[in-house]
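One structure, pasted below without further comment.
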């Protein structure tokens, strides 16, 4: 068994300018050319044929990198330049065309490989659909077998459909992890469900396993940031490492037309961006992913991909702020 | 004269699963197959050739039902399952191809028929353009000749253009009802007008007839929910039954691209959804309609139709909450 | 040298109905047919080949006028009819097809001409890209050589790129004006920057020249309106006339898909509309422009152009309110 | 009863330059300003609420005139300049918002008025949906009660649905005319039907009334031009004046996305353009219309409207060639 | 192992009107309700997650049936009504969400089941992507183990990529069948390749296995119909049953925007439609499929789905003509 | 003065695989890495702010290269692999943001530089708008001052507008060259004009200067290929080197939605592709360009860019065939 399946993407827009980067594509480095371990490690999992409905989320890792040219490394609100923070791009995991199970396994293996080689580095996986999250967490658990993992999920859905019925598709990752005893339900917090997008039997399953569901309405009453901070605090007291999974369908459909499962009544970008600043600056957060953004359904002006890029930048800004404080 | 013109739509997506419905299309029943009167009665008025500008709102009843598959019967915020609430779908009213006056009359007759047969059932008409509202209210008045009707209108426009000039088009329903003495101006509250979308002479007409106009700015100062509650309270003290008409152009254009007359500066979906919860739970509200959504102008991801479906679900959730409390 | 290059646009939708205008196209008059100086003078600068990226903002002046039919002269929130306020449309400045420098000069000359001829009239220029702002301010300075000019900029970007590198393009107007000593950096306030859209060296330039940068986050803490009011007050104490430049990319991309440089995390339309009411009613504001809206990238329902029209109407309403108070 | 309902459209793009017109909008004159009767008389019938399915064909007369700026008056293939040919634009017939029957009657009356006033002038009506054709022919018959009328129809459909069932909608005009004895079936030739777009009972009706149906396949075997010439010859031997109705759905859907009823397997633009040259030059052709083009469904580059403009230009070129020969 | 996985689609648009069907949705019957074996048997294989690039071809079977309402059962060119021809719809094969191999096997099994139960009935499979063809042919071979199968392929591509490298994806079906000795290369004719869409090594593979490649240019020289007829004749002399596979990417991209792999320089719809008439009327053709049409990429007016429906109708018309002659 | 302004584009999709290229992006080499002079030299002129109307043709060179991945180096019709033909990509000419005249001069200089350095190499410039053609021809003349240049133009328009009026825009290149005595009118052949897209005064200018105009109708009568061959023969007898300029607006709008100036009645892709094969194989053709394709207006499936790539491949195939014969 190969230890990993990472291949460097074909890109020229990433032209690291180590001496004086001003834009993101000049700043992020290829992992293979770095002398020191990065502080944040990026890799793509371009798989979406595991989606219940037709999805082009497999195209997101490429589009995510392409949008870097539109972002400066400087955040004007925090008056901070990110360019001294070391970000290494490990490339994309090579996916098989028709064997989804094999692709899932490669995501697990590659994650284990990266976590084992860079145990003190935070990881950020760019999906792909939400099925990739189960693989990544599985890989992390294998890399750190003695540690407990907690999950903070920003999502409109619970993602606890039954994999025995539909296979390990994008509706099932949380249930996979619970049923495999990789993550306990009580160590999972989901912020974002709202409206009519989770059938009763799925909510029953979540409750039975003590998943903490915080609806958007409830979060807004306390403040979304405060809710996120409280969730991180609670989780960090119970687990060794927190995995944050951002299903971009948590966003309201008016912001995220390019996320097929986004719905009315969802989170605003402001709420998400503010939350990610806190998430990035919290020490216990070791892993994050961004999933389910389908660039092929985006508007002609690429609104959703731009939001995806912004969201990631907020997380990184949080990382840097966390170092300073 | 036939007593009504309702025909069952051709749909398969409505497959009532009476024993254990989980999604809306499994829950809503065909009126013709129900043994008991429904608690909410649904019917479509697919007419939009009466619109001043080109409109495909006639397509909405069909698309409205098609979106049901995307909604669970369970509301996660209120922790309530709607599936024991009896909703009966009476189908769509058959519209004539070129005789708009005849179509309008059929809407009236069908409404009278339904209200007379199910006098204790709330009705919900799915338009169609806003001209259908005048027909429905006329039909209700005929069914309940001894009762006074009040209207709560959520709308960017006053809809008091002169039918003598342009016929009973979608710009005229409120004026029709006033001039026919079916509803008194003082029993009409319109929440939502804003900006530059009502010409001065129309505002003068409304004021002369004591229509209560509450601009969105004013409503937001007191709180949109509080404003809606106050309007319902005031109306319920003056009239026997409240008809709520939701012209979806009350929504901001950034939320509702599929509503041709939507404008900048309008209501957010959150405000509308919260309002509908209150409207549904208020005992005096006996009738509601949702009009002016044109699916043919919606985005490729059907943002507006999804919002339309969510809005209706909020009203129904309100109905169920109203029963409990 | 001709004194100006203004030509009347070919339009029929402007059919002044001097006796009783109800809609904007019936109200705004052609400057050439007015007997008295207007209170607000409108002119278009249809130039966008000076944009760094491909832009059709040159099409905006025409589309801006075409949208007038969709706006009544009456504002329902303020209960005020604008139609007695005198607005004169001077037409569009004739642009050269390939000589951008010549086009820029014509904008300057035409502005000087208009300001000299109507020294007590407020001006409103409809762009065009942001390079036109530098030309207009240059023209104003020539018309009023003894007065100091201050700028209130609503913008996501600082627009202080170096014209020596890329010519007088749309990324450079503020720097042009500073380097030409037409406006001092300390007399410039920019409200709206946020996120990752201004590279560090540009922020350094702005700081060095004492441009007051107020990020959107900061503005929201004090309230956007309060921030605008404070900026106007401060500027009015230092300068003789305030020029307000509204780069519509200040808006969040979810509101303004038709502004190529709009970004996530931007201003809401409600914040912009409220601000313009205050701006219009402030006596020191003598000039305004609206730039960078590209109708060719708008949605099929023209969401952005409608927002552009609304924004202008708010400014005008502010003008009228300012007269009254 | 008013004799006609024609109103001048609000347009500026038509700026007749009588001395030296180069483009179409400089050439076509307003009928009201002409000293002599025109050789071709143009008028619009902006009605499409009579369409079976949602149609914006009512928008075509306006878009048709707007496209004129894109056409020179010179035809390079025939080396002929059209600008000395007198074309008068009578404007659009005022349509009622909700009374379709009234609108239909106004089309008839206006046509009678124009034909009576300019008996030696060819007329060209721009629709609107196909129901307008029946009205126009009725109006012509009233103007020339002693003459027999024949119809050359270029269409994918027979348009002989039963008006008793669906009213005088766009699927019925030919049947209306036959049943009202205004045109005999034997004096109607339809070139263009193909495939599966005419139900058997409708074909039976057409055959029973001796409508000459020439499928596209059959026409192509003899040559489309030859088929058209032969039809014109045959008709001209039987009737006093030929009315040509061009339902643009005769075109293949790959050419005409903006014609809702266009289908695969239809006519190419080359075939239509060549045919119109012959039609225009045939002396017996006194009337023509172009119907069913819905600009709101056109591509972003306005492909179909451009084709509609080209088609009309070919007819006019034919008129001029017919004069010369 | 279940013998098949066919499930009836949820549709209402198919409402067989056995007494007098006029449109296709009134004519095609559900297989389960037929008393006699059908003459043509239809089934869907809604699988496209086996596509190399993102594809929504899995949505085609549903959209294919929905378009039936737009087609009459009568063909005007051949003056023939199809409604007495017995077409049975067996529904769609149930696909697994993540196990592509299992889905492929179900296609095979279902095909075997149908062919065994109705050995004298022609079958028509609606894909899905082109990987489904290999499964269907495998299933046919199992049903008729003693018969040799030949393939007539209308396709821009050879589809002989190596399944050992990328699994049984949509680029590999022909190679799968050759390497499994189910179909001999010499019994395969591919009409349609052109331009630059087949890499040299793939052409070498095809030549080595004696696949008959007829480029579009070559076919046009002899006439596309004549080429098809000759291919059918040649194949019918060598094999027992001919399987025709129509990859709709054989069409030129200007006709088929909704086929992701369509290219410039491809077949016209007229050529395809004419060919299918011949194919349908040829006695040796026992099986056909239509694959690779992705409705989610179609134009707003559904041009490609309409072409797909027309193509199928031509095949059926051919079947009926073949019976008569 | 720098001798040229060519910069290598940022691309990774061009990954020359010199040992065994199969796709175009593996085959075309960077000029800077080649040991021998190429047989065909490619360079981009990404300028379109010189266009009369808004154009994004400046984006074409980048999109042209990106499409290479979709083309094999093998042509199946001619059974020929192009990969041994040496194509060198010199990159794109650096354009100034606002100084169009400077940009034009750089195109000239770069062309002179390339032609002087590789005098025996064919050149292919990828535009940009049509104004770039005048610059390129000027540069060639400077490189080969003793040679006469002839032009074969495939174009719907004559492009002889007056640069004195509108500057050296995209409507003027041919007139520029004639008035500067760089190319004589009698050495210019334009194939493609049709319909109503050239005003009479422009045709008069062309005739006065003896430009040979061959309308599409005329070309089709003799056969488009024969017409092209005859034009090449005639020109080659009069001039030393032929420059072919392909304005992609020569194509019919149904093929080329992404070419803003394309029109109905234009050339088919088949006619263009066949012509380019002949052009490439003709020895006197030393230079070619492809201009006016605006990728930002293309369809979602990139139809026009794919056609642009195919057109170029046909020219290259012609080059290789010309070497063989």
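Going by the order they are written in, the chains are A, B, C, D, E and F; count residues from 1 in each one.
Rule of thumb we're sticking to: a contact is a pair of C-beta atoms (placed from the backbone, for glycine too) under 8 Å apart; a residue touches a chain by one contact, two chains touch by 3 or more.
Bear in mind that the values here come from a model prediction, so they are computed numbers and not experimental data.
Shared contact partners of chain C and chain D, listed by label, are B, F.
A count of contacting C-beta pairs for B-D and for D-F identifies D-F as the more extensively joined pair.
The two sequence copies chain C and chain F touch through a face in which the numbers common to both exceed half of the numbers used overall.
Per-chain CA centroids place chain A at a distance of 41 Å from chain E. The mean-CA centres of chain B and chain F are about 59 angstrom from one another, to the nearest whole unit. Within chain D, contacts with two or more other chains are made by residues 254.
Taken in their complex, chain A has these residues touching chain C: 22-24, 71-77, 81, 254-255, 269-270, 273, 299-301, 303, 306-307, 310, 313.
Listing the residues of chain D that touch chain B in their complex gives 48-50, 52, 54-56, 58-59, 96-101, 131, 166-169, 296.
Across the complex, chain B is touched by residues 193-201, 203, 213, 215-218, 252-254, 257, 260, 263-265, 297 of chain A.
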